[in-house]
Structure formats: structure tokens, C-alpha cells
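Can you keep this structure in mind? I'll have questions shortly.
Every chain is named by a letter (A, B, C, D, E and F) in the order it is written, and numbering of its residues begins at 1.
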Amino acid sequence: MNFFRFSSPQTFYPLAGRLVPLFAALAAACAVAGLYIGFFVAPSDAVQGEVYRIIHLHVAAAWMSMFIYLVMAFWSAVGLGLGTRLSFYMTQALAPTGAMFCFIALWTGALWGRPTWGAYWVWDARLTSQLLLLFLYFGFIALTRAIDDPRRADKAGAIIALVGAVNVPIIYFSVTWWNTLHQGASVKPGGSSMASVMLWAMLLCALAAWFYSLAVSLARARRIILERERHTEWAAAEIARRGAGGRAD
Amino acid sequence: MHWQSVSEFLAMGGRGAFVWGSYGVGLGLIALELWLLRRRQRSSLRRLSRLQQLERQKDRP
Amino acid sequence: MLDIRQLACQRGDRLLFSHLDLTVAPGELWRIAGANGSGKTSLLRLLAGLAQPAAGEIRWRGEPLARQREAFHAALLYIGHTPALHDLLTPGENLAFACAASGLAATPARREAALNALGLARQLELPCQVLSAGQRRRVALARLALASQRPLWLLDEPFTALDVHAVAALAAQIDAHCAAGGSVIFSSHQEGGLRTPLRVLDVEARAR
Amino acid sequence: MTLFVHVLLRDLRLAWRARSDLLVALSFFVIVASLFPFGVGAEPERLRAIGPGVVWVAALLAALLALPRLFEKDAEAGVLEQLLLSPEPAVLWVAAKIVAHWLATGLPLVLLSPLLGLMYRLEGAGLGVLAAGLLLGTPVLSLVGAIGAALTLGLRGAGSLLALLVLPLFVPVLVFGAGAVEAWSAGMGVSAQFSLLGGGLLAALALAPFACAAALRLAAE
Amino acid sequence: MTLFVHVLLRDLRLAWRARSDLLVALSFFVIVASLFPFGVGAEPERLRAIGPGVVWVAALLAALLALPRLFEKDAEAGVLEQLLLSPEPAVLWVAAKIVAHWLATGLPLVLLSPLLGLMYRLEGAGLGVLAAGLLLGTPVLSLVGAIGAALTLGLRGAGSLLALLVLPLFVPVLVFGAGAVEAWSAGMGVSAQFSLLGGGLLAALALAPFACAAALRLAAE
Amino acid sequence: MLDIRQLACQRGDRLLFSHLDLTVAPGELWRIAGANGSGKTSLLRLLAGLAQPAAGEIRWRGEPLARQREAFHAALLYIGHTPALHDLLTPGENLAFACAASGLAATPARREAALNALGLARQLELPCQVLSAGQRRRVALARLALASQRPLWLLDEPFTALDVHAVAALAAQIDAHCAAGGSVIFSSHQEGGLRTPLRVLDVEARAR
């Protein structure tokens, strides 16, 4: 298989168009199954009662937010190294979704923390590094939006994504250390061993989030491709075709 | 089935506000993202085809 | 010396020009013409390697620019739209720094002579901040006197803000450079009083 | 190599010529650190506890405040274009600019920090630990900050965008720097924190000038 | 009077057009406030004690960071000259610029402050006191800051000189604003602090635009 | 209309000119001449009331400037060296704001017509940041078309950065203004293609 064939926007565009509905359907199916198991099959937790049911959304969002940043860093490195435009498009298509999941993880964590820890927010290492990750996302988005010249935006975004990715582990370890240095073992999320139904529900929700991110970012990448490649012949034909019908499929 | 009634389901053992606050905002944000995505897609396509027509007109004479 | 093939330049949504071909031989003097906004400045920045073309290729002595950035920059003198001066430095200090940046070797005495020749003797001690528009421009142009060894000069609107004497002096300098085998490409709205045979490249004609 | 020296000397000369700036940046550092007692009350115990943290945060903000000017003037005047057209490699002069910037804005903070430490009731060797931490940490702030400054060059709202980009990256420096003083106060060793700061400095020295040069090339386009 | 409206609308439109700035300024506020726990440690008790002070200092610094841009772009582009040549009195458009600046930079801080209060374990009505104090205090920061911005316009190192000029003037606002929250936490009344803040606001409203207009006239010369 | 008596201008240590007398009557066209740095810009800023003279007096309709600032500014149109545009606003928005600032009443349709007449129809949606040097200058000059009622125009180097068509159009506009009884004072290094009889004030000759 030729990797470079799919790195050309022209071949990628229709492929992505076919994959989007597929992933969207998979995401919906996983979400329905996961939430059903999570809300109706899984029993209530011995310690926390019902409130633990936040976990399905919380963990899925937290995992996705971290994973998406890594993927963005990967595409940035590929883009800067090989000069493939498509990598930059993918990086930019992923960022808003990553930021959204990051925010959801913070929000659900905060709402979970109030009944379990008695506070919406504690300066725990994991929480803090998640907050900083949100700022890294905001920084990436704000930077790429602030630059008008798209080629500069591509590369500047790639540089900051890579610099951020180098720093994510540093941030994580430093704040862990900072936190434990002061107050020993603080309240940590998790701890109770999980029933396997719960685990299933959690995994299904995480899978749903994963397919959702794929679908949304591919759809977004398609729009970016059209905007950026509009002077090429195939893109012009595509714009003429879809623009004339007035349909955005 | 784990729940006896709808109201019990909604109460979530007295923690309904937290659970539904999480899911409400979470799913709301996802819906918002989908809506924004669709809107951006439409407006972008409209802008692109208008630009294309402008350029065609310029080429003709 | 400089070969341009099928060059295209895009700014934002707009394709400024495309399919531009040009060959510049030693001793030639080229003026880039075109209405406001037709892409003269953009073309000069492409030639200097400060921006990347949307299509096409620029070759210097047979090699593409991208592969010999440093050798090309050692052969080039580019003076842009703005005079590239720091407000707090004196003309002499600014000139010294500009020479170091573009790799021109020049003794302090030669630099001072260049400034004096441009009528800046009274302003040598002032910070460039307070100079008039034309005086700032002159400080930037002082580098030309020290760069006679550079085979290619790229000048963006070199005559603006200069008074008539300065315009004449600059024209003479450009003529001398061409006579000595150097090439000059400049953008301008006036023909100027140049004596070297002038070749005109009209970017507007290459516009889509 | 001569370009390195030229750029370094020019930037230092400019810093000297605008030396009222230097005074002012230092005053900012001092003022921020002295605002806190107004906000949080002046109990000595509380002040001693928050002292190192406040001094570090003030240093970090002072460094941040100076960053946007690192390339701005040069870019506006067109000097940056000239430097990019230099036959010598760009990392050379980029590194020179960063070094000059640190000498003009970072070093004075280091020298002044013991004074502020005294205001917050730090003592003896604790002051030394504070200053040594800043000596290792502030160059990292300049190096990492320079990348941000290059990326945001010429953008609208560059100053606060820069803050958003680099402050999260400054957190580890802050944690280890302030952590060193606290560890010393608690009677523990500080070598772990210092070696982490030193390692960070070496890594930043090796990588930042390249990233910064690449970003500047983009900004000029 | 139409000039007032024109300037107000134009400045708000500019703020909207660079709205990523807004997000960024807000993030700066949040980030600065969240830097402190890294510096001073995460014990809830200590954090609760310094909370109001930290939020106020962060608001003050965020306001400070936005100030240099108030007249800068206009002055560089020559728009300021044009405004000074306007047949209408200068206080009019100066006031409009200050109002627009507060709406774009001060108001969002007020709206966001309860969130930060929560992170520092403030509760219930305490959050209200914090936000109300900021609502009275941030316009004073904008008004007084505008004088500083006008005085330092076009000077080298304007940003930090500005900080030096206005930070001492901001201190009373900080003391009363943070003081109100502390008084409330201690179970005392807050009307004294609030009436002082309100009085300061009225005085600043009456005087600052004139001082600012005079300073701008000087700066353009 | 405008009377200048024994005017002197000092910048830093240097007295640029002194004992300058000038009377401008309605319909007159004055060009301020002089080498770079001789004080043309400084003189125009004095006349506009943006700076204070070191000695001498400027009277407008018999009254000193300082006593009737607002009436004078309502009669004046000043266009400086720089185009006075905000980078993020479009040409239309910049023009609307400039009109509001200088108190010119103009409908949106007239403003757009003014911009179109200057060949900016395609740039109406772009932020001024990305315009070329000449295009930015044109946006600034669009105000002239809306200010035909203002009896006094002060223009600092109005022809720079413009291409030949724009120069001709501007010259026609100035001629029309003078023919309608307005006065124009401008600084420039070229004579330009103006048909109104040109009076030249050489600041250099007044230099010490």
C-alpha cells in the first residue's frame, strides 16, 4: 500500500466522505449501547451510590482529550518533516474536538468532585494537568485563528503543537511531584475496583467518543481541504458540483 | 431493570443535579459542535462557490 | 544569472500573477512596473526568497533558490519598502548593523563616508527616530555604496521620499552598478533618470 | 560567528540606550511582589509561606511582559527581513538575540530577588537557593518564551496570545523553582529540583533556537 | 455626541473582530490565578486565605496587560492625529474609547471571577461580593489606566513604564476590593468598602477623560 | 484666509526655519518645497495645529489658531504622511470612521462610490493590513472626494506610492478643489501634473 497516495488531498477527500457516515453510525451505536448498559444494567456503586454514573462520560472525554493531543503532535511532526499539507489539515481538524472533550472532562470531573470530595475543584496533580492541557488546546486554536495566511498558520500551529507535546509529560510529572511534595497522598480519582459491567459500559463509551472524533474531524478536514485547495481543478469541480446543488452533505 | 420509576431514575439517588448536569452539558456541547460544523460547512461552500463565480466572470471578458 | 520559470504568486484568495518567465543577465537593469496592488512588492519578496511561490521556480546560476539559500543571500542586496532602521540607534550604528546582517565587510571610515555622501553629516549623532522620511530612506540606501561587489540588487521603490538631488545620485549609482556588470531589479512608478537601457517587466500584464 | 557577536552587542546597546526600561521592568517585578501583602494581609507566617511562590510568579510575569518586545521592533522596521537574508545560519543570530534578552531582562531579576526574599522573611541560605533557582530558571523562560514571541509576531493581540501560549509551558519551571526553596525551608535537599531545572535549561538551549528560527521565517512570509 | 457613538461602535467592532483576543485575555486572567497554587502549594486552608487577593491581583494584571493597546494602534496609524483634528471636543471620543475598552476587557473579568473564586473555595454570597467589587473596581482601573496609557504613548518601554505609573494608583482599589471579600468572610459588613469603591469610580469618571485628553494632545505633538 | 507671520520651527536643538511669512488666499495652490529634512512635514503639522511653533503666529480668518481650534478644524482637511488606517478594518469601515472623526457627513453610498472611483472595488472586503502600499494610500485619499466643502486642504506628500493613473486623478481633484475656491497646501518633491497656477514655498530658503 502506498502511504503517499492517501496523503494527497485529492484521494483523501472522497475516501473521508465515505468514512464519515460509517464512523458516525458506529459512534451512535456504541454510545447507545454504552449508555444503556451504564444507566440501566450496571448496579449502583457501594460507596458512591448513583453519582458514579458520571464515569462513562468523564473517562471517555478525559482519554480522548489526551489522545487527540498526541495525534495532533504526530500529524504536526509528519507535516513539518515531509511537507504534506494534509497532515496540517488533520491537525487543525482535530483541535476543536480535543478542546471540547478536554472541557467535558473538566466539567464532569468538577460536578463529580462536589458530591464525592466536597469541592468542585482541588489542586490535584491530575486535575491541574488537565486544566493546563485545555490551555494548550486554546493556545493552538487561538494561534491558528489569529494568523491570516494559511500556510503560516499551518506551520506555526505545528510548531506549537510539537512544543506543547514535548511539555505535556513534563507538566504531568512536575505537577504530580509538586502536589505530592506538599501534601502526601491527596484524594485521587478512582480507587474502587470496578465491576465488569461498568468496565464494559466505560469501554463502549470510550469507543463511541473515539468514533465520534474520527467522524467529526474527517468531516471538518473535508471542509478545510475544499477551502484550501480551491484553486486546483478537482476541488473547483467539486465546489461547482456541490455549490450548484446547494447541498452540504 | 434497575430503576423502579422514571422519577427515581431522574433523581439518581439524590444526585440528579450532578449526573444530569454532567450529561446535559456534555451531550449539549457535542450537539453544539455538530451544529456548528454543519453551519460552517454550509457557509464555507456558499462562499467558495460565490468566489468561483466571481472569478469566472472576470475571466470571460 | 537569475532564471524565473512559470512563477505564480498568491496572496490570500487572490492569484496576483501566474506564468511569469524572466531571465536576468549580468549588467541588466529591470524595472518592475504595474498599477498599485498588482504585485510588484510581492514579486520582489519572492525573488529575495522571503516568501514561497504558489507555483513555478526561481533559479540562481542554474540551481533552485531553496537549495542554496546561503550562497544566494551572499550574492544579493535587498532593500525593501521600509528603511529597516531601529529608532534608537544613530544612522552610523544602524548602517553598521545592516552591513553585519547582510554580511558586507566595511570599515567604519567607509561607512561614515557613505553616510556623508548622502548628506547625513549633520544627523550622525541623532537617533533615527527624529529623522525625516527622506533622511531615513537615505540611511537605508547608504548600504548600496558598500555593496558594489554584490551581483544582484533588489530595490523596492527606491526613489520614494527622496528629493531631486538624491534621486539623481541614486540613479547614477544604479547606472554605475550595471556598468560594472551587476544586475538591478527595482520596482517603481516613475521611469527615473537612468541611462542604462531599461527593461520593463509589467506584472499587471501577467495577471489573470 | 561574527554575526552572533554583532547582534548580541547591538541588542545590549539598545537595552542600555533604553535603560529606563530596565529600571521599569525591575520595578514591575518589585511592585507585583509587593502588591500581595495588600491583597492577602500581612501576617508574617502567611507571608513566609507564600514568599517563594510569589517571588517566582512575579519573576515569571515580568519575564512575560518583556517578551513581546523581543522581535517586535525588528519586525516592524524590516530589520528582521534583513537578518533572514543574511548568508549566515539563522540560529546564530536568533540565539544571540535570546542571550541579549536574558542578559537585559532575566539577569537583573536574579540579582534583585534576594531583596524580595527578605521582604517575605526568607533567611540566609534560603535567599541563595531562591536566586540560584532563578539563575537556572529564567534562561528557560527566555528560551521557551522566544518561541512564543516568534510565533505570535505581528499578530493582533500578540501580547496576550503569547501569554496563553507560554504560561502553561512555564509551569514546570515555576514548580521546581519555588519547590526548591520550599524543600530547603523544610530541611530537605534541593539537588533534585536543581538538576531538573538544569536539565530543562540544557534541553531548551539545544532546541529553542531552532524552533524560534523556523517560526521567524514563517512570520516574515 | 455622534462621534461618541461612532468611536464606541468602532472600538467594539474592532474588539469583536479580534475576539480571539478576548478569549486570550480571559485565559490570561485564569492562568495567572491558577499559577499561584503552583508557587505556594495546594493546601486548601492557605488557598482560601489568599484567594480574594490572588483573584484581584490577577484582574489587575490582566487589566494592565490590555492597557497599552488602548491608544497605541491608533497613534501608530495616525488615527489619533485625525481624532485630535476633529471639530468635536476631545473628551467625548476619549470617554468612548475608555468605555469600549472596559466593555471588551473589564466586564468579562467580572463575569468570570466567580469561577476562580470557586477554585479557591470561596462560597455562596462571597462569590457575589467578589464579583460586585470587581464590577465597581475594574472601571476605575480602565479610567485611571487610560491616563497612564495616554501619558506613556509612544515612549520606549511604554508597557512597563505604564505599569510603574498606574500600579501604585491601583493599590487602593485592590485593598478595598480584596478587603471587601475578607470582611465578608469574617462576617463583617462590606458597605464601607463598597462605598469607597463607588466614590472612587465617580471621581474617576468625572476627571479621567479630561486628564486623558490633555495627555493625548501632548503625546501627539 | 490663512496668515502666517514670522513663523519659526524648532526640532530638538535645531532651528529648521524662521521668519517665515505666508498668506494663502481662497483658490490658491501652494507647494511646499525643500530638500529632505528641510522641514516640510514639520511646517504642515504646525499649520494643522498639531504642534506649537517656536515663534510667530498663525491666523485663520484673522484670528489666532489657538483661540478657535474647533472652528478651524471644521474647515480643515489634513492628510499626513501615514494613511491613518486601522489594520483590521476594511477600507469602507476605515473611511467611515475617518469621516466621523473629521466631522465629514457622507452617506454610505457616497463613501463606497469614493472608494470605487479609486479602484478599490475588489478590496472592499479585505482588512487594510493586506493592501499594498499604494492601495492604503488610496483609502486615505478617498476622504478628499467627500471633503470638497472644506476650504483648506493640507496634504503631506500626497503623490507618494501612487501609480501614474492615481497621480493624474489626484491632480485633477486638487485642481477642481482650487477652481471651486478652496485652498490646498501640499508638500512634494515633484511638480506633478497640476494645471492650477502653482505657488512654491521653499522652506529651505528660510533655513538658517
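Keep in mind that, in the parts below, a contact is a pair of C-beta atoms (placed from the backbone, for glycine too) under 8 Å apart; a residue touches a chain by one contact, two chains touch by 3 or more.
A quick note: this is a predicted structure, and the numbers were derived from the prediction, not measured.
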* To do: Could you run down the chains that neighbour chain C and chain D together?
  => A
* Steps needed, at minimum, to go from chain B to chain D via contacts -> 2
* Report same or different for the chain D and chain E interface, where same means the shared residue numbers exceed half of all residue numbers found there. => same
* **Longest centre-to-centre distance from chain C, chain (CA-based)** => B
* If you tally the C-beta contacts, which comes out ahead, A-D or A-E? -> A-D
* **Mean-CA-position distance for chain F and chain D (Å)** => 46
* Asked: Measuring from the mean C-alpha position of chain A to the mean C-alpha position of chain B, what distance in angstrom results?
  -> 16
* **Distance from chain F to chain E - Cα centre to Cα centre, in angstrom** => 37
* Structure fact -> Between the Cα centroids of chain A and chain C the separation in whole angstrom comes to 48
* Shared interface positions of chain F, touching two or more other chains -> 81, 87-88, 130
* Where does chain E touch two or more other chains at once, residue-wise? -> 18, 20, 24, 27, 31, 38, 41, 156
* Residues of chain B touching 2+ other chains? -> 51
* Asked: Within the complex, which stretch of chain E touches chain D?
  -> 18, 20-21, 24-25, 27-28, 31-32, 35-36, 38-41, 46, 49-50, 52-54, 56-57, 60-61, 65-66, 68-69, 156-157, 159-161, 163-164, 167-168, 171, 174-175, 178, 182
* Asked: Which of the residues in chain A end up touching chain B in this complex?
  -> 39-44, 49-51, 53-54, 57-58, 61, 96-97, 100, 103-104, 107-108, 111-112, 114-115, 212, 216, 219-220, 223, 226-227, 230, 236, 239-240, 242-244, 248
* **Touch list for chain A against partner chain D, complex** => 132, 135-136, 138-139, 142-143, 146-147, 149, 151-152, 155-156, 159-160, 162-164, 167, 170-171, 174-175, 177-178, 181-182
* To do: Using the touch definition up top, name the residues of chain F that touch chain E in the complex.
  => 48-52, 70-71, 73-74, 76, 78, 80-89, 93, 96-98, 100-103
* Taking the complex as given, what residues does chain D use to touch chain A? -> 144, 147-148, 151-152, 155-157, 161, 164-165, 167-169, 171-172, 175-176, 179, 182-183, 196, 200, 211, 214-215, 218-219, 221
